[in-house]
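Once you scroll down, you'll see the structures, which are given as structure tokens.
In the two assemblies presented below, subunit A is common to both, partnered first by subunit B and then by subunit C.
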Partner chain A sequence: MTAGDPGQIFREEAAELLADLEAALLQLEQNPTDREPLDTAFRALHTIKGSGSMFGFEGAASFTHHLESAFDRMRKGELAATPAMIGIALAAKDHIRILIDDPASADAAAGDGILARLVEQSGSATLSACPRQEHDDAERRASWRVRFRLAPDVLERGTNPLLLLDELRELGEAEVVALTDGVPPLEELEPTRCHIAWDVILTTAHPRSTIEDVFIFVIDETELTIEPLSASASASASVSAPVLAMASDGPAPSPQEPLDAVPQARPSAPSKAEAGPEKGRAQPATNSIRVPAERLDDLMDQVGELVIAHARLKQLISDGVDLQIKSVTEEIERLSNGLRDITMGIRMVPVESLFGRFRRLVRDLSQELGKDVVLTMSGEETELDKTMIERLNDPLVHIIRNSLDHGLEPAADRVAAGKPPQGRIHLSARHAGTRVLMTIRDDGRGLDRDRIRAKAEEQDLIPPGAKLSDAELFQLIFHPGFSTARTLTSVSGRGIGMDVVKRTIDGLRGTIEVSSTAGGGTEITLGLPLTLAIIDGLLVRVGQGRYVIPLFAVEECVELPPDVERRHANRNFLNIRGALVPFLRLRDSFGVRHPPDLYQKVVIISSGDKRVGLVVDQVLGDHQTVIKSMSKLHADVANFSGATILGDGSVALIMDIAQIVAAGQIQEPRREAS
Partner chain B sequence: MADPTPHVTVVFDKPATIISIEAICNHLNDALQTASVVEVDCRAVTEVDVCFLQALISARVVAKRRGVELRLRQPLARTLSDALERSGLVAKSGPPRPDQAFWAGGV
Partner chain C sequence: MTVTETRSFEALTLGLGGEIFAIDANSVHEILDIVPQTEVPGAPPLVSHLINVRGKVVPLADLRIRFGMDRTPPTIDTRIVVVEILLDGEPTVVGLLADKVHEVTSIAGASIEETPDIGMRWNPDLIKGIGKRGDDFIVIPDIVRIVTTH
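Showing the complex of A and B:
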């Protein structure tokens, strides 16, 4: 695939449109009389049909056409957005996705079945709606003056203006006049550019939005005005005289002159509501561009290299006295920091794009399980790196499925427990320092401590009667193969999933915290870094090696008193302001033979609800850490999640906090036993 | 310089669309430079688009300026007359469009 592959571009656009469609359908299901989601759904279908046909996805275009027709009728009030109709539309949307992504695998019978249900639903509704519609049409007919000049390169891009005019004619009676004053003489003509503009008097029962929809594929670069004509003007417009007068004698707009600039008598001023969308739609959409994700990744890589190069430069001149070079280096630092921040900002995507996907999941699963569940959200505008968003989909699906299947009780049980019959799942996101906290909360029955403990003992995950805090106990649900579900369902209960959640979140350098109240529900909070590319780290030395501890995990640094080892030989605990904090000697963990520094330091980190000290030889300071993946050869090395290149060109490994703490906990009993 | 050829007929009998529009313009331009009367024969044209309509309009601008008589041989191919009507250059009913006479075989 190349960046300009039209088929791939269409697939990407269609994916977004289908997401919009799904969101609109679910919104419509909640609020069947809301016009906005109805219009959104129609526009998405209209665009998919038109673009699909243009890019050779005939099957998808043809199938979409049927759904589009049904939604057009809904917009006209001929059909109601019933739950059954929304269900069919959602199934149709899934089928359209297959027809676009992998037409060969599309099940034609399934598609036919969807269309048959669509016809059945729309047919019965039509009978009762038609007579009133005819009456309404007669009352609603209005005349509009539609003037447009297409972008000069519109013909080169495959648009046929005659088809646009045909579409306008399909809406009602149209008097079309071509404005040819902009056509230059032959020797100056650029024959593949569009030099003609059009002026149309259209009498139709359709609203302005339908007229705008005709230009939906070209709206961004088209000079378009749509103005209502008053009753008197409408009457004369049917003779088309005003239009012709304007075409022949009036000041027809030149290619350089916007249509808005043409002097004209305005029969009636459009209402504010009418003028608003037109003004908004006619603006060229130059505020955003589509960029392949790989290019953003490449850009981030380059910025990372720049940060490393700057670190090297800074180190090289650290002993120098040339003030001019120092000044330039500081300027480069300022610029590279700015570039880094901007690049990271470009990669940020609101979590709404992630959360939005779960509306459908909750809807379908709640129907499948026969539970009444509402999904609410907050903080959807919170931004996260795009790669993070992509990788969070599966873990969140697992968590939500578990909440729905095991967490939320059937309506009868809820009522018996004094709860409202409708269950609730709430997704939220918020910034907390350099992290994003994403929470999935349900108001179900909560985790069953006794059953988790019993299962853990049965699987030898904990010794019988082990003293564990709630947080420690709840972490066991992320153990591979751990499930307390008594029955297996198609939704969950096989013990597969939560360990995948844990693994994925660990891979993202994230944390998981679980809290639960018996009868009150469960809350799972994911702590995530803003980006996977560059992190703030604390550079430390252990022996002769240098390592990076992610700064988000660091709470404080203290000195390890030299007598601690002597007085507490086998008890690795420090008294930090009255609290006992266990510590790990990284020298031991890493097998360092180099003699230790006289005054060792302890970096206190927090992982989950644990505070742990990491004993190092020296704390070197904070470090802008550009994360590099480990080679395949070192991918399985425990305790490290990546590497970074330091200013002197040497490599420092980045510590995997969760793994190091876990490894330390395994070592601790051995040490005590010895 | 030789006297201009009094009458030249330019024939288009294939698809007259954006694909061949450069060549079409060249034909028209050559004819307009060498003849005092240019007749465009589109009776056998099989497909037309807006590019072709523009080219004819543009040729007419040049013809008027140079005093060349430019006209379309009638009857027009169905595909061309359809395109003229769809584009609003010709009205089947109601008041005629400004240049309708040209499309109907006039100058």
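Showing the complex of A and C:
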């Protein structure tokens, strides 16, 4: 946390905390008595409040405070986590987000409304103004010895130790003694460092966790021990350091006490290994760091270049070259491959972070639509590139909305159809080779084939009475402007959407498959590459140009039979083991004038439910492709999704299979007509 | 008509189809010898090729197409001037083909004149102004307009 705008760091941190909060709230809604989500929610609120006021987000901090108080009472068992309470908390969470992201746009009235409902629900007449003004409960009072030594640079990071002491004092009666044994001689004294440790005898009704909460922001770097003192001992308990023992009028310290203070006083850097057992508990993520995504992108770029540079080196080294150079090259290959894998690994995040967001969506939508829906998930640990996860959000939101709105029937209809009244949506993710399959399944009424057909005929997408397979029929729902919903709702059915979903998934080099059984539900499966940065490709030559075909789309390579070749342009079909496969001559698509090779090859690819052959001059082999985006100047060149750099340093274009096939379909009928 | 360039600036002068062009020296990243070029089927003729500049895929623009000049084959003097321009607010690196690269020179604002509407065979929108240097005229092209006009 040394670089960058602290406000921005807080915003990022808060975004994560709010996501944790939301997840915890939804969990709590399912199991109102569960202790763990309650604690998670409370911790998130506490941190947001604390860091918020530290970074100048006063509005957010004071608003959060009220919610925190309510959750504190829930923790103490004074309040129940009722569904109404959770609803308010979720609304409040959204409001906190606005207060943090854009305080100027926050609607104060809305915030007050939420607080009013909070007061009403929690049954307290007024909200407690300050969190630590608690009445002393004599029976539950206990004494603790709290000894803490802050990190030497704690002052530079903006923590004021006096505020920590004040917080401790607010918890109860505190005897504070400064331990000055860590203060170096004057000539070595650095005034910006914190050399003093503190010993506090605290008598309070609060539990140990409240004392720990005081140190919540510094706990990673602090040597903290909290020891209970027995009730009898507490009266005469004293603090150890005789120097400056201003608050202590008790008896002189027993000999053991200074001794056990000494090891802590050594100016050794506190490490995690030395940390007491309490430390690890509060913040488990101590050994992770926060890195801006752009830096990872830069790293990936550099690693990509390294991989390319290595490929060039390998190409330059012929067989006759010195054995030593060869072995070094192999060493570099091993290292650069390792580096590439690690770099890609860094960018991978579990899809949990994506799926988790939909719990709230399904909850809110099911309430809005008055349908009882449960969302289940599996495979949340499956990892995917972070960029990919971000871009998948909108398409998935759309698909889930569609399922909820159109797919799942109202409870009465479900019962009539012999199904349980509660609708089900299942999200799953799993690996399949180098791809991740993500499935969204509902147990609703399924897609209405007749309606889709009628609508498609009405829009002239298919000729009347055309014979279509289910897969072909279902692909029609991805057509722009296609919506079979009879009534428009606020949730879905504006006729925009599924085509945007398709476009987004195509842009990610993904595939969409739809299957559906009437009355049994719909299943949409997205096939996605693991990363956007690197793909396995098949390198081919068309004329003099070299191109990359994404390997996931390639089914097989065959030779173009000479008899087919001779009957040019009349019959563009191949017989692949009894199946008719149409083919496209890439030479024509790319306007190549160079004379064709004698033996043309056909790369059979699958796009959606179609199999298409692409005729090329030569298949050069597989190529691990570092994807480079093309500049804006080539934005309207549809046939290519990007470019890559080959081993010899030249540029090759990566084909956008879906586009090439679509363009070919337009070309084909035209040729037939002429 | 574009806004005429009237400030003084450091310019890289280059020869193109017998004319001298000046581009803002601050926008120039580097000057390269001819490198292998990859044709992009279906791309606009002006930027029909891509090149590899230090691991980045960069479009190569042949300004001669916009100015109706002959596309003579490359010679020993042919260079690629790699410049950075702003397209819709986004920095974009583009390679410019040049028959010959001359020098970096300072062009005084006072010597820059408005592009004449007549007496020129080029679209005046593509030119920011005409500078004078001794007896020579120097064309100051508007690179952004040149690459974005279709």
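Simple rule for what comes next: the second predicted complex is superposed on the first by the 558 of 674 C-alpha atoms of A that agree within 3 Å, B and C clash if a C-alpha of one lies under 4 Å from a C-alpha of the other, contacts with A are read in each partner's own complex, and residues count from 1 in each chain.
Rule of thumb we're sticking to: a residue touches a chain if its C-beta (ideal position, glycine included) is under 8 Å from a C-beta of that chain, and two chains touch if they have at least 3 such contacts.
Predicted model only: the values in this text are computed from it and were never measured.
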Touched partner set for A:Ser631, first subunit B, second subunit C, both or neither: second
Touched partner set for A:Gly304, first subunit B, second subunit C, both or neither: second
Contacts of A:Pro596 with subunit B and subunit C, given as first, second, both or neither: neither
Which superposed partner A:Pro207 touches (first subunit B, second subunit C, both, neither): neither
Partner chain in contact with A:Pro161 - subunit B first, subunit C second, else both or neither: first
Touched partner set for A:Ala178, first subunit B, second subunit C, both or neither: first
First (subunit B), second (subunit C), both or neither touched by A:Gly113: neither
Subunit B versus subunit C as contact partner of A:Ile645, first or second or both or neither: second
Of all residues in subunit C, those that touch subunit A in their complex: 35-36, 38-44, 47, 50-52, 54-59, 61, 87-88, 90, 92-94, 147-148
Residues on subunit B engaged by subunit A in the complex (per definition of touch): 18, 21-22, 24-25, 28-29, 32, 49-51, 53-55, 57-59, 61-62, 65, 83, 86-89, 91, 94-95, 97-99
Residues of subunit A defined as touching subunit C within the complex: 301, 304-305, 308, 545-546, 589-592, 628-634, 637-640, 643-645, 648-653
Subunit B contact footprint on subunit A (complex, rising order): 155-156, 160-162, 165-166, 175-178, 180, 183-187, 189, 191-192, 194-196, 198-200, 239-241, 244, 247-248
